[in-house]
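Input: structures, listed below.
In what follows, chain A forms one complex with chain B and a second complex with chain C.
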Partner chain A sequence: MLIMRHELLLIAITVILLIVEIFLSNTQKHKIILPAILLMAAVTVIGFIPGTPGILFGGMYQSTALSMMFKNILNIGVLIVFIQSVDWLKQPQNKEKISEFFILMLSTLIGMNYMISAGDFLMFYIGLELATIPVAALAAYERMKEKSAEAGVKLIFTSALSSGILLYGLSMIYGTTGTMYFADVAPLITGVPLQVLAFIFFFAGMAFKISLVPFHLWTADVYEGAPVNVASYLSVISKGAAVFVFTIILYTVFYKIAVMWSELLYGITILTITVGNLFAMRQQNLKRFLAFSSIAQAGFILLGMLGQSQLGMTTVIYFALVYIFSNLGAFGVVGIISNRTGKENINDYDGLYRTNPNLSLVMMLALFSLAGIPPLAGFFGKFFLFTAAAKQGYYILVLIALINTIISLYYYLLVIKAMLLNNSDQPIAKFTSDGYTRVGLLMCVAGMVIIGFASSIYEMVFNLSFGLY
Partner chain B sequence: MLDFSYTVWILLIPLLMFVVVGLFGNRFKPLVSGIAGTAGLFVIWILSLVTAYKYFFVLEKAADGSFQKFLAFNMRWLNLTDTLHIDMGVLLDPISVMMLIVITTVSFMVHVYSIGYMDGEKGFMRFFATLSLFSFSMLGLVVATNIFQMYIFWELVGVSSYLLIGFYYTKDSAVSASKKAFIVTRFADLGFLIGILMLSFSTGTFDFLTLTGANSPAFSSGTGIMFLGLSTMTWSMIFIFMGGAGKSAMFPLHIWLPDAMEGPTPVSALIHAATMVVAGVYLVARLFPIYIFAAPVALDVVMYVGAFSSIFAAVIACTQFDIKRVLAYSTMSQIGMMMFALGVSGYGGHEGLGYMASMFHLFTHAFFKSLLFLGAGAIIHAVHSNVMNDMGGLRKYLPITHATFLIACIAIAGVPPLAGFFSKDEILAAGHERSLMLYWVEMIVSGLTAFYMFRLYFSVFWGKDTHYHHTPHEGSKWMTIPLMLLSIGAMFAGFIPFSHLVTTDRLPFQAHLDMAIAIPAVLVGLIGIAVAMVFYRKESNIPDKIYNALGGFSTAAFHKFYIDEVYLFITKKVIFNYVSRPIAWFDRHIVDGSMNGISYVTNEASERIKKFQSGQLQQYALVFVSGVVLLTLLFTYLLTN
Partner chain C sequence: MSILTLFIIIPILTIIGILFSKSHMQVKWISVVGMSLQLLSAIALIFMYLAERRAGNMAEVLFVQDNVWYETLNIHFYLGVDGVSVAMIGLTALVVFAGIFASWDIVDLPREFFTSLILLAAGVFGFFISLDLFTMFLFYELAVIPMYLLIGIWGSGPRHYSAMKLTLMLMGGSAFILLGIIGIYFNSAPGGGQLTFDLIKISKQTIPLNVQLFLFPFLFAGFGVLGAMFPFHTWSPDGHASAPTAVSMLHAGVLMKLGGYGCYRVAVFLLPEAAHQLGWIFLILATIGVIYGALGAIWQKDLKYINAYSSVSHCALVLFAILMFNQTAMNGAIMQMISHGIMTALFFALIGMIYGRTHTRFINEMGGLMKVMPFLGVAYVIAGLASLGLPGFSGFVAEMTIFVGSFQNADTFHRVATIIAASSIVVTAVYVLRVVGTLLLGKIKNEHFENLPDAKWYDKVSVITLIFGITFIGMAPLWLSDMITGGLGPIMHKLLAAAPILN
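Then we have the complex of A and B:
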């Protein structure tokens, strides 16, 4: 099989959609939805055919079993986002720009795939930019809404700043080592001050993508302003890809200064989890709420990175997988309710169980999974992360993380309490979701439950991460 | 070798039924969910019968002529370390195959019966969903390949039994009964868990094949004397037996069983007669090689507890008036006999007679006891009362129930040639070889069994001519057909040559009918029946006279020897006052106080940092850059020092 087939397939379907788009008149744009989803589904399925790992362009592009698996994970995530977006895309104000949504999202996905497969900092940077800029356009998708436009502007400005700093860091790496290839850079990292500075710049850039404290401030505003489906894409897919690449680069390029970056991560982890949690507690708007909760979740992922071993890598990927399904489930419910009723606040959800029991159950499962309650996948995800960190002797850090888990339980339960226990004079009226939404949510629930029970997935990731560190 | 991997469907089908009926049952008419659950059970019933046939008669024997013991299906579920892992699978050996038959047969009959019995009840669908869940858990328990899988399903059985006992959740007594059952068995399961941990700690495995195999690590490790003169292995087996005693309602953990009768009667027939309550017996049988070779003291505990429970319960059963409670105590007594039989058993060939007898009795008991419960259900259905005093002369109104109930009573009383005679005879024979005193105890239990069963029979179907508000009538065909089918089992199950099928070492041996034991046993049974007939066939005041003549003893027996009161005293007076109160105080003032403090601090902190999230883009950029600068300064400082 082709080494680069994931990317090529995505490019192919993007081009197909672009061509189809030309022939559709403004009133026919909705006809692109089904083909887009089916094509994406086909790509997802084809991605699972085992391929041979390999290197292209003299090492600029490298494909490994692990990266292919992560691309598959991203494909599933994007597919779910597509499916969940249909109900929203069909609304009158979006009718004319439906195809843009798919094309922009596919572009970012292509960027992420290249980023994941990069064997060189330049390739990595190009992928990163391709993965970022279209998202800003997506955040401003509902440009007639002030908040959405604001979100787009804020995202583009802040990410320009972060990219600048990141690029500055990369140039210093090039300056000290004379090469951009990961394999060549790695042995030349010695920890001279300039390289430390370069690393911190690089770190800041990545921390921005993953929204680690104190580089997270854009998150809440953008998530709140952007359409729900874009926010969920940002919080799940973009973040997942960035986490994956970041971990790979830390493990394969900067392993020589691991002592330094583990200290850095140590501090950032505590800060991120705690601040994310403290802010999440205060939020009324569910999108903001999920934004901060996703910041805290990112902090948990850092714990696994600190594991610094095959085990650490495995736990990070496993958690990312779990997190994708749980967060997409939560965002999916918030999205459909926001589309149908325009309500996005926690107290709007009072008594939701009486009117929309199925949606409430999905939301409950998703939040339980995020909070880490067994036997849902989220529990195992957190459990493995903690194990990885504890194996490296970070007991105090794990303790702090545990305390934060309890705090997070509090605010997740607040939402569940609103849905299940609170009464309301004007609860959200009963409505029937369309087939797409149901399928999307069902996929999330299946993911949360199955990943929790099927330990073979964990084993598979573990085997694939062999030899990486 | 034949392929048995399809046996995993015996587990999956009820699980599927539970999910389907549980989630989508309310979309259809109630009857549909009942039929669906029953159909699922029918399929696995057939599958089990086929499996048993293939296992016992088609599958070739192992080299030494014994039945094979092997994993029909296995899946690694959790890897704890390289050597310790938890599997999920299906283990086939004579006892698990036998249990498959018992569970699926009774469960299928109960499903069919329930369609008639529960007709028109609120929560019909919920009932069938939970029944499927229960069947799944119980089947998973018996085919468990390792003790951890068994524990998981053990707890699932507990949960589904909790749900079923508390089925009428608007009734206070049902709610408290379900809680009681759950808490008491949970308490016992704590012992089970400790036992599992001790066992796996000293042997390094959960696997039954390894644990009970010829070179089991359990025989060599953990046998040194550790605590109070007993070895680790003995302690662990005693703890494991505690779990079994809880589920099997052995003294003193039996107190939940009579109350559990608050559940719908078909549930009692399934769970509290034939399946869940024998889980403890099955557990001991499953680990029998460890008991006999590594922990004989623990096996003595099993023997004494079993013997005591059997006589204790038999005495109480004679004094109860609620027909379901009589049956409950009778169950406890019969299970005590099974435990006793395991306790007296040796290993290998004829030595293992007790083991064989115990399994045999478990098998036959399942038929007649579930038949008795279902019959009781039919009576309650007709009369709308549980109490014997409200009944009498029912044989005219309920001919089918009467006939099948009589068959079951004769079977349990041990009159040949019905099922109970054969299995009980083997138990007595095994007991006779071990201890003459306990043999006589069991003989008395046999007599008492015959007496209280026929006391029940005569007071319900004969006795005084009671006037009923509504003329009692038989239930629908759904209810009467299972009764008739089960009565066939109660009549003929005794002719199965068990000693050729289910033995300690899985090698067949020839069991003889020892006339010196069989004749006294039958005589004792007949005396019991005769006494009951004199007392209860016609209305008479002899029972009252005897009751009064025995004075304190009979009052105590009527009050179940005040065991419940002892428990209440210990929990309410002692534990609540002297343990729970101080802990509650500590919790309320110290723990809650510090927690409130923390939550106050957390709230304050989140209030303080709020202003960082201002929405101002410039400020975001400022924070971003300051973050970079700060980190740079920090790390240059760290590096230079």
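Then we have the complex of A and C:
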């Protein structure tokens, strides 16, 4: 029982919230916010108690120290998303649907947890679907807004397509090996053509989820249409979980054809970083901007995957952790400003520092962290990614990625320029954000500042990643 | 805890103090107190260093502090100084101290201004005291990024453009450096053993030649961007012209020295064989830079542009001297960095003060300022004379050493390069005297200028500090050059081992 602690706790609080919800009338729905956040915080804290790794259901479910740690990371991320969403949830048009938001979020998180702990492809697939479908409902949360509904439909269609492709790939793997268990599949991967095709399908399916170029086309539209907090959830939590599982499967199941997939990843990495960056430069809407920036960031994570070693695994997880705090910080600021003023364009941010210095400061730190500027955590994350890739001798790739960091610095500076350098006749008026938003943003800033200096976090991840590759 | 930690702790405490300060005046005084402490610790460091050496402590680096940071990757927080870095720290402390007073009349967002300025200073100090490539790079980037805000918010002219251009070009340089550093890291233990970022340990190894040849251009060009190496110097005139006074001072005075110091400390020190083989390419670029910068300065009409191009010329001379690979020239390179650092800071401070009074920087529109503001006028003449290398000022000592050193290379290529570079002295005299003539002498062209005030007390503090620096080095260069020579031992040893034929 204790092996499945994370999932069971999440299921428990989901059920509690469902039951509480029954007793709340439509005007009282906001009363669920505080209990939901407190419960989530409790789960996050309990998650950190060291648990015993183990295997359940004959190997379908496996819990390792590493997966438990990544679940904790996701819990923290979700907690921040919850806290940041409060201001938006309290708006009149959302008042009747507050509990749905929490319940749907929690069910996707449960899906992700199962996906992370999967020991065979079937469990992995079920987790993946559970993690995806509720997000489509969340994207269409503001259903009276055309764009939000559109985002929901787009997300469900593209993820259905990608799941189909993925499933097709998985069936081929089953066809060639006769088993679905990771441990049994791995030695039977010999690189016969059908397996290569299967791998390509599997890769394409995952690339959709992580939004790698050329499977990224849905990203910007969905992020733009979906509510900011859902977009931030998509870009951070969903992507983080998918990256983690993808890396695990590449390292533990497909390690025999590493020569093949590293070449594939090499190309995709260059494409993803470059295309993501070039498109991000031209965006005006901040949600689209962050969407393309998150595509580029995903490309950087691939550098770590190419590391193909304990070091590679560590940097992937470490960067995901850093990325969660940085990106949530940026999305948090965009979210609160969008709630209060409805403004989402870069131009609207002109002169923001003069009216809302604290928010601009958080935004600046978040963007600098994303751009990899010291002493923020993003710098350390990027440095380790480059180190991991260079260890395998990919110097040219590292150089291309480095040039791309300069491009990304350019567009991050555009936002900073708007906030700090530009003056405006009609700047966003001064407003005071509520306590929840402040706590949420403060957590992000703390993460961005502390994670880099606290080398013990990195060392811990490194030790847990032992023996994976 | 070694004294070097102070150089990081004091700026951090100052910044915290500034964040909690309530008024404009408090911000300024906290900055003054913080940076005075920094200057005092720098002076103390110089004396302590000299005392240690006199006591016979011949360790390669002194005041070492070594803490493990990232154990897996063997990243250390490793501080230590030799003669060269002590000299650079002294320079930085002096310029930063003068810079605080030069920006006394900042009105817009003073808290943010001084925070960024001190953050920049912290980055520079950190860079000079680090002996671990990782932390060195961290501080390097930390020093570059506040420039964007400093120029973009408080600058003048096309400040947005200049700030963006400068930041992107310098960060582009740092991308090259990062590649070089990672490359060195993975080849830091060619004989097996633990990989390391430790500069001293790596210098004891010989990195394979093919790796050196691959990495050297990246590292040298990467640091060269910040050292305003031709053709990567284009950020410098725009950046300097748009920056506010104190930022120009710090940038030309200190930040550009990071480039020269990095070329010397990382590129040439760690990759000596490649430096010997590929140095000629960069030597050609540096020679072009020397003469091009000087000629560029002749044509400019804007005071800041004149000085920016003159900085390009002088900084190229630093790289030129480093690439001569002999002790005298190398010594001259470091002297030139320090001399130019103080001198150009003085120039920019004076330009800022003149501009603050006349509201123009075009020399044609000014004239006879010596009568109106004698203090600033005399200071400008002193800076100019130091710039053209008049004996008695630091510029003479530095340039003399460089050319004596570079002339020791007897082959035709080096001789020709030396002659071309040396001819820049004449060009320098032309543009310096031209400015002094049109700006300070003659009759007053604009009647509004007749009642302009001379320097305020804070202007005087800034100017006198810097003039003291250049004359002191000019009059008593030996202690400085001895200190530097002491630090040059290891690098000369490596260079000689790499190419025993030379010298």
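Annotations
Rule of thumb we're sticking to: the second predicted complex is superposed on the first by the 468 of 469 C-alpha atoms of A that agree within 3 Å, B and C clash if a C-alpha of one lies under 4 Å from a C-alpha of the other, contacts with A are read in each partner's own complex, and residues count from 1 in each chain.
The working rule: contacts are C-beta pairs under 8 Å (C-beta built on N, C-alpha and C of every residue); 3 or more make two chains touch, one makes a residue touch a chain.
The structure presented is a predicted model; accordingly, all values stated were derived computationally and were not measured.
Steric overlap between chain B and chain C is present once the structures are superposed on chain A.
Legend: residue contacts after superposition of the two complexes on their common chain; A:L128 is shown touching neither chain B nor chain C. Of the two partner chains, chain B and chain C are each touched by A:E459. Judged by the touch definition given at the top, the superposed model places A:L106 against neither chain B nor chain C. Once chain A of one complex is fitted onto chain A of the other, the partner contacts of A:M419 are absent, as it touches neither chain B nor chain C.
In the superposed model, A:I200 makes contact with chain B only, not with chain C. Of the two partner chains placed by superposition, only chain C is touched by A:L409; chain B is not. When the two structures are aligned on the shared chain, A:Y395 is found in touch with chain C, with no touch to chain B. Shared-chain residue A:P374: touches chain C; no touch with chain B. Between chain C and chain B, the overlap after aligning on chain A sits in one stretch of 181-189, 235-243, 289-297 or 397-405, namely 289-297. Residues 455, 459 of chain A are contacted both by chain B in one complex and by chain C in the other. Against chain B, the residues of chain A that register as touching in their complex are 153-154, 157-158, 161-162, 165, 191, 193, 196-197, 200-201, 203-204, 208, 214-215, 217-218, 220-221, 260, 263-264, 275, 278-279, 281-282, 407, 455, 459. On the side of chain A, the complex with chain C involves touching residues 311, 314, 368, 373-375, 379, 383-384, 386-387, 390-391, 395, 398-399, 402-403, 405-406, 409-410, 413, 416-417, 420-421, 455, 458-459, 462. Residues of chain C that touch chain A in their complex: 69-73, 75, 134, 138-139, 141-142, 145, 148-149, 152-153, 159-160, 163-164, 167-168, 171-172, 175-176, 178-179, 182-183, 185-186, 214. Listing the residues of chain B that touch chain A in their complex gives 76-79, 602-603, 605-607, 609-610, 612-613, 615, 617, 619-621, 623-628, 631-632, 635-636, 638-639.
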